[in-house]
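What follows are several structures.
Here come two complexes built around chain A, the first alongside chain B, the second alongside chain C.
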Partner chain A sequence: MNLRLGRFGLQEGTAAVAVAALISGVFSLDVSATYARGNLCYAATAAGALLSVLLLGLLPKAMGPEADLGESFRLALGPLLGPVVTLPLILGLLLAAVLPLFRFLLAMERYIFVDADYVPLALYLLPVLLLLVTRGMECVARMAKLLALPAAFALGALLLLAGPAFRLYHLYPLFSPGFGAFCRQTGEALFRFLPGGLALIAVGRGCQGKKFVASGVRRGLLLGGAGATMVQLGLGLTFFGPDMAPMSAPVYCMTMAARQDRLGLRLDVLVLFLWVMAGLAAAGFYLYAAALLLCRLTGGEDIRPVGALMGLLAVSLALLFNFDASVLQAVLRAVYARGSWLLLSPLLFLLLGRALTGRRP
Partner chain B sequence: MKILDTIWRGLRFCEPDGRFELLETEPGAPSFFHGRKASQERELPDERPVDPRLKESRRRLLSAFKGQVNRDLVLRAFRFCGTVDALAVFLSGMADGDRISEFILKPAQAAAPVKKGLADYALKTVFSLQEAEKTDRWAQVVSAILEGRTAVLLAGEREAVLLDTRGYACRGVDRAQNESTVLGPQEAFHENLRVSVTLLRRIIRRADFVCEFRPAGGKNNVQLALCYLGGVCNEALLQEVKKRLCALKIDALLSAGTVGQLLEDSPRSPVPQTLLTERPDRAAAALMAGKAVILVEGSPQALVLPVSLWALLETPEDSYLRRSAGTVARLVRLFGAAVSVLMPAYFLSLAYHHQGLLSSDILSTVISSRKLVFLPLGLEMIFLLLVFQLVREAGVRVPGVVGQTVGVIGGLILGQAAVAANVVSTVGLIIVALTGLGNFVIPNYDLQLAVAYYRVGLCLLAVWGGLLGLFCGALAGLILLADQKSFGVPFLSPVAPKAVAKGPLLFGGGARGRGTGEDDMNPEGAL
Partner chain C sequence: MRRVFLLILGLLLALSAGCMEGVPLDKYCYVLDLGIERGERMPYRFVFLLNRDVEGEPGQEGGGVSVVHVEERSLFDAIEALSGALSAQLSFERATLLAFSREIAESGEIPALTDGAWGRLKIRQNIRVIILEADLISAFQGFISPEDPTMSRLKANVKLYMDSFGYVEDWGMSRMREAFRHQAGDALLPYAALVGSAPRADMAGGLAYPYTGGQLLGEGQIKTSLAGSAVFSGGRMKGVLSGQHTMLVLMANGVFRAGHLRLPSSAGELNLALYRVGRPQRRLQDGVFTCRITLEADLERPERVDLEGAALSAEAEAYLSAELARVFSATAAAGADVFFVGAEAMGRFFDWESWESYDFAARLGKIVPDFQVRVKLSHSPRDPALE
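Now for the complex of A and B:
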C-alpha cells in the first residue's frame, strides 16, 4: 500500500481546512450571478461557513468508530449503495479544486499575462500540483501550514490596499435581493466550505483520531470562513454589487481600486500570486482527498497514479471552463448553483443510513 | 650496422610501442551507463584462529602485510620469561617505540618463568599498559596492528595479547577555523578520535554519555564513534543509524562528510540532511537535544543527525547571544537567505514580464544602466552569477591571504572592468553582489551551494514565466523540502509539522529552557 497518508497534527489539519475554505470562499463563486442583483454575498458567506460547521459537526459522530469516510458509507448504506454514494463526493472534491484554478487562470490571462494563452499558464501550475498531490497528505498538510501565513498576508494586504476605496454606501441597499436570494446564496456557499471539512474527514486517519479531525474541521472552517467573509465584505465596501458582476476577478480589481504604490512597487500582482500559491495548496488538498476516496473505493494501492490523474483532470477542466462554449458555461453555472448537492446528498444519505441501521460508536 | 637497423625498422613502421598502458583486469561485462558490473564476490571475514606456531604466524603476517616490501611492519622476536619464544608485532610510526621497549619488552624479558597459561600471565602480571586484551581470532590481531597496537604472540599459545601502544604524530587541539565565534569556546575537533571524544566528554559529564566505537565500513578500516546520550536519544533513531552504518560499503572512507552522504535519506537532494560541525560545544548541544553524533578517525568534524532546515540556519554563536541581539541576527540571516534565493529571479521576472509593477523612476534607472550592454538581461544575470561562483571557488581553493586577494580582484576589479566595458550593467552587478552577500549569511556550506544552484533554476523560470514561473518554482522547492526527512524527522520541523522547540527559531535568546531533548527528536526522557 502506498497511499501516502502519513501523520499530521491538529495545526496542519486546521491549516489545510482554513486555507481551503478561504480560497474556495473567495474564488469559487459565480461572480456574475452572485453580484448582479446587489451584494449580500458577505452575509451569505458567513452564514454558509457557520452552516457548514454545524453540518460537519454531526458527521464525525455519524461515522462510527472506523474514522474513515469511505468505510462509513459502506457500513451505513451497504456494499452496493455505499460506493455509489461516494462518487458524487469525489466529483464534488474534484470540482472544488477546479473552480479556484479556473478563476486564477482567468485573472492571470485578463490582467497580468494579457497576450498569453491559458494553456501555457496552466502548464506552470500543473507540475506543482502533480508534485504536491503525489507526495502525499503529510506534505499537503505541511504545505498548507506553511502557506497559511502568505494567505493571511495576502488577505491583510488586500484589505490594506483597498482600504482607501472603502465606502459604506456601497453596501446600500442592505439585503437588496431579498431573503430568498440570501437563502439561495447561503446554499451555494455551502459548496465553498463543505469540501474543506469533508476532505479533512476523508483523510482523518492520518490526523490522530476523530476528536482532532472534528476540532480541525471546526477551527479551520471558522478561520477560513472568517477570512472569506472579510474579503467579501471588503468587496462589498469597495464596489456596488452590479458593478462587480462583469468583472473576471473582483478580488484583483479590489487591490487596484485605490491605486497606490508602496516604495515604488505595485503590490497587486504579488498579492494575486500569493493567492495562487495558497490556491494550489488548497487544490492539492482537495485532489488528494478525492484520490484517496477513489483508491479506497476501487481498492487501488498506490495513490500516485490516481493523484496524478486527478491533477491532470482538474487542470484540464479549469482550462475547458475558460472556453466560451455555451455547453461548458452552462455546466459551470450548474456547478456553482447546484454543486452543494453533490456534497450534501452523500452526507444526508450517511446520516439517514446511520439512523436506520442504528450503528453508533 | 645498428644505425642502419634502426633506419630500416623506422621505414618499415614496425617499431614496438613502448608506452605504458593500464589495461582492464576486472571481471564482468560493462553496462552502457553505470560502469562495470563485476560479479559480486563477497569478502568473507577471516575466521582463522591464532596459530600456536610462531613460524606460521610470522608467515601469515608477512603475507597479509606484504612484509617483504613493506618495511613499516616490525616483527620483534624475543624470549618471554627467558624461556618461551615470542613475537611483538607492530607498525612502525603508528605505535610508540618507547612504550613498547619500556612496558612490553623489558618486563617480558625480566619476568619469572611459568609453565601454563602464558597469555593470561602476561596480561595480568607482566605487561603494565593500561589497555590490554587477549584474543584468539586472527582477524582481530591484524586489525589491532593496523590501529597502532602491538600484538604479542607466544609460542604454543592459542591466544595473542593485544596492547595499546598507539602513539602517532598529530597536531594539538586547534581553534575552529570555519565556525569561529566571538563568544563561547574556541576549541575544534581533532583528527584523533580519542581526543575528539575527550573534548565532548569534557563538556558532557554524564554517566549516560555513550560512545560506541566501531569500524566505519570502508576498506581502509578506519574507526568511527557513534555518540549519544542513553535515555535521551530515541532508541528507534539509534537502531536506524546503526542499521545504516552496518550497510556502509565503500572503498575509501576518508571523512565524516562521506559518512553523512552515505547515510542520508535522500542522497539526490541538493540540501544536506546532516550537519557537519567542527565545534565540540555545538555537537554537545546536539547530543543534549537527543541527537546522535558520529566522529570519524582522521576527520576533525562531527556529524550531527538528524537535522532540520532551522538547524542548518543556526550558527554556533546563537547559543551565546542575548535575546535582542540573537533575534536581530536571526532575522538578518533569514532576510539574507531569502534575498539570496529570490532576488535575481524576482528582478528578472519584473524586467521581462511585469515592467508595470516598477515605478517609472526605478524603470528609467534600470533602462539607463543597460543602455549600452549587449548581453540580454537574463543571460547577463546568469553570467554574473556564474562569475560570482567562479570568484568564490577560486577564493576558497587558494589558501590564506592569496585567497582573499583573489576575492578582491575578482569582485572589485573584474566587476568595475565589466561595467566599463558594457558587458554587464551596474544594476545587475548590484543585484548579484547583494545575492552573494545574502548567500554568505547562510552558515552551512552545503546549503549555500544548494541555494546557489536553485537560484539559477529560479532565474530561468522567471525569464520564461515571470512571477508565475518564480512562484511555481519556489513552491516546488518548498514542496520538496516539506517532503524531505532526515532520519525520520521532517526537515521543516518544528514549524511544519509543529513541534515544541527549545531553542529559538526566530525570536528569543540562546539560553534554553529546562528539560532534556527536542520535541521533534522524540527523546526517551521526559521533556
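Now for the complex of A and C:
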C-alpha cells in the first residue's frame, strides 16, 4: 500500500479546509452570471458556508471508528451501489480543483502575461500540483498550513488596497437580484465549501483522531467561509455588480480600484500570486482526496499514478475551459450552477442507505 | 520532506517573478504619463512622457525622460506608429498619469477612448486622471523641471491638494469610468492649466480670487498649476469648479479633510482654516437633499477680528450653507451630480431594473438642496489661544 496518507493533526487539517474554502469561495464562481443584475454574492457566500458547516458537521460523527468516506459508502450502500455513488463525489472534487485553476489561468493571461498563451502558463502550475498530489496528504496538509499565513496576508492586503475605494452605495440597489437569486446562489455556493470539508473527511484516516476531523471541517469551513465572505463583501463595496460581470478576475481588479501611490502600485501582482500559491495547495488537497477515493474504489495500492493522472486531468480541464467553444462554456456554466449536486447526491444516498439498511455507515 | 517543501516553495516563488517575455528590463521604454488631445491631421494627438533616452526621436529630452507625441485615430494605432520609431519596446506598466485636454473632455469622447481594451496594454485601472487646459506638449513640459523630470511633483501635489487644501479630488480611471456608466454620481476630475493661461470661469461664479489651475497668483519652477475640478455630466465635461468650490463639494461628500476658506464677513474678508469633524449626514427624501456637515475652524490672525466667536461661527455657517446650495444648483443645472445624490436615490431601490428605469439624471434638476453646516471655532477671536 502506498497511499501516502501520512499523519497530520488538527492544525494541518483545519488549514487545508480553510485554504480550500477560501480559494473556492473567492475564485470558483461564475462571475458573469453571479453579478450581472446586482450583487448578493456576499450574503450567499456566508449562507453557503454556514449551510456547509451544518451539512458536514454531523457526517464525521456518523462514521464508524475505522471507516473513511469511501468505506462508508460501501458499508451503507453495498459493494455494488457504494462505488457507483462515489464516482460523482470524485468528479466533484476534481472539478472543485479545476475551477480555481481555470480562474487563475484566465487572470494571469488577461492581466499579467498578456502576450502569453494558456499552455505555457499551465505548464508552470502543473509541476507543483503533481508534486503535491504525489507526495501525499501529509505534504498537502503541511503545505496548506504553511500557506495559510500568506493567504491571510493576501486577504488583508486585498482589503487594505481596495479599502479607499469602498463605497456603501456600490451595494445598492440592495437585495438585487432578489430572493430567488439569493437562494440559487446559496445552492451554488455549496459547491465552493462542501469540497473542502468532504476532502478532509475522505482523508480522515490520516488525521490524528476522528474528533479532529469533525473539528477541522467545522473550523476550516468557518475560517475559510469568513475569509471568502469578507472578500465578496469587499468586492461588493468596491464595484457595482454589473461592472464586475465582464471582469475576468474581479479580485485582481479590486486591488487596482483605489488610487495608489508607491508601494500600493506594485502589490497587486504579488497578492495575485499569493492567491495562486494558496490555490495550488487547495487544488492539491482536492485532487489528493479524489485520487484516494478512486484508489479505494478500484482497490489501487499506489496513489502516485492516480494522483498524477488527476493533476494532469485538472490542468487539462482548466485549459479546455479557457477555449472559447460553446459546448465547453455550456459545460462550465452547468458545473457552476449544478456542481453542488455532484457532492450532495452521494451524501443523500449515504444517509438514505443508512436509514434503509439500519447500518451505521 | 524538507527537501520537497523547499522544491515546492522554489517552484511557487518562480511563479512570482512575473517574467514571461524575453525582453530585458533595460530594453523597455516606459510610458510614465499619457496625454490625449485633439490632433491637427488625425482625430487625436497622443503625448507620452517616456523615461528612456530617445535621442533622435520627435519631442524633447529632459534628463532621462522625453516627451514624444504622435497623431493617430486610437491609442493602439499610436503605439504601432510610435513603436517603429523607438529603439526600445513601449511599456505602460509604470504609467501613473492620464491627462485629457479640455477639448476632448468637453466633446464627450473620454468614455470611448478609455475602453476596456486598455487593460491589454497593462494600463492600470487606478491610473490618475486629470484634465488639462493647454496643449499637452507644453503642459507636460511645464510640469517637468530639472529637479523633477518625471512629473512626480505634480502627482504628489494632487494628493497634497486633496488632503491638505481640498482643492482637488484624486480620481483614478476605474472610478471615472464607473461615474460615466452609472448615475450614482458624476466625475469631478482634477483640473490643471499652464500658468497665466486664459481664465476659465467657475461654473458657480461668485469668487474674486481665482482658485483655478493656471490662475493662481504664484509662479515657481513648475509652469503648470493644479487647482479646481473639471465637472462632468456622464462622460462629458460641463465646466470648471474653482478650488474653493471643489472644497465645498468634498465637504458634502465626506472626502474633505482640511483646507482654507476665504470668508466674506461683516468684519471684512477672513481666512478660516477648516477641518473635518466626522462624516456628513446625508439624506434624500421627498425631493429634498439634506446634508448636515460639521467642521472645526481656526481663524487666522484672530486678534484683528472684532467679532464674537458665536457671531463668527454663525456667519461662517450661513456663508458655507449658501455657497453649497449655489454650487449644487449650478452643477445640477448642468446635469452634473457631483454631490453623489444619485447614490442616495439608489439606496431606495431594490433591483437594477427599477433603478435603471427611474432615470435619475432627468430628475436631478428638481432636487432641492438643504445644506446645514455647523462650524465649531477652536477658539474665540476675542480670546486667541496658543496651542
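Note that the second predicted complex is superposed on the first by the 352 of 361 C-alpha atoms of A that agree within 3 Å, B and C clash if a C-alpha of one lies under 4 Å from a C-alpha of the other, contacts with A are read in each partner's own complex, and residues count from 1 in each chain.
Keep in mind that, in the parts below, a residue touches a chain if its C-beta (ideal position, glycine included) is under 8 Å from a C-beta of that chain, and two chains touch if they have at least 3 such contacts.
Please read these numbers as outputs of a predicted model, since none were measured by experiment.
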Original post:
chain B versus chain C on the shared chain A, clash or fit?
Top reply: clash
**OP:** Determine, under the contact definition given at the top, whether A:Q208 touches first (chain B), second (chain C), both, or neither.
**Re:** neither
Original post:
A:V269 contacts which: chain B (first), chain C (second), both, neither?
Top reply: both
Original post:
For A:F113, is the partner it touches chain B (first), chain C (second), both, or none of the two (neither)?
Top reply: both
**OP:** Return first, second, both or neither, reflecting whether A:K145 touches chain B, chain C, both chains, or no partner chain.
**Re:** first
Original post:
Is A:Q11 contacted by the first partner chain B, the second partner chain C, both or neither?
Top reply: first
Original post:
Of the two partner chains, chain B (first) and chain C (second), which one does A:G178 touch, if any: first, second, both, or neither?
Top reply: second
Original post:
Does chain A have more residues touched by chain B or by chain C?
Top reply: C
Subject >> Touched partner set for A:V128, first chain B, second chain C, both or neither >> reply: both
**OP:** In the overlay, answer first, second, both or neither for which of chain B and chain C A:S345 touches.
**Re:** neither
Original post:
For A:M277, is the partner it touches chain B (first), chain C (second), both, or none of the two (neither)?
Top reply: both
**OP:** Could you list which residues of chain A make contact with chain B in one structure and with chain C in the other?
**Re:** 112-113, 124-125, 127-128, 131-132, 135, 138-139, 142-143, 146, 261, 265, 269-270, 273, 276-277, 280
Original post:
What does chain A use to touch chain B in their complex?
Top reply: 8-9, 11-12, 108, 112-113, 121, 124-125, 127-128, 131-132, 135-136, 138-139, 141-143, 145-146, 261, 264-266, 269-270, 273, 276-277, 280
Subject >> Contacting residues of chain C [partner chain A, same complex] >> reply: 1, 4-5, 7-9, 11-12, 14-16, 18, 20-21, 96, 116, 119-120, 122, 124-126, 128, 155, 159, 170-172, 174-175, 178, 181-182, 184, 340, 343-344, 346-347, 349-355
**OP:** Quick one: which bits of chain B touch chain A in the complex? Just the residue numbers, please.
**Re:** 353-354, 356-359, 361-362, 465-469, 471-472, 475-476, 478-480, 482-483, 490, 492, 495-498
**OP:** Show which residues of chain A lie in contact with chain C when the two form their complex.
**Re:** 37-38, 110-116, 120, 124-125, 127-128, 131-132, 135, 138-139, 142-143, 146, 165, 167, 169, 172-178, 239-243, 246, 253, 256-261, 265, 269-270, 273, 276-277, 280
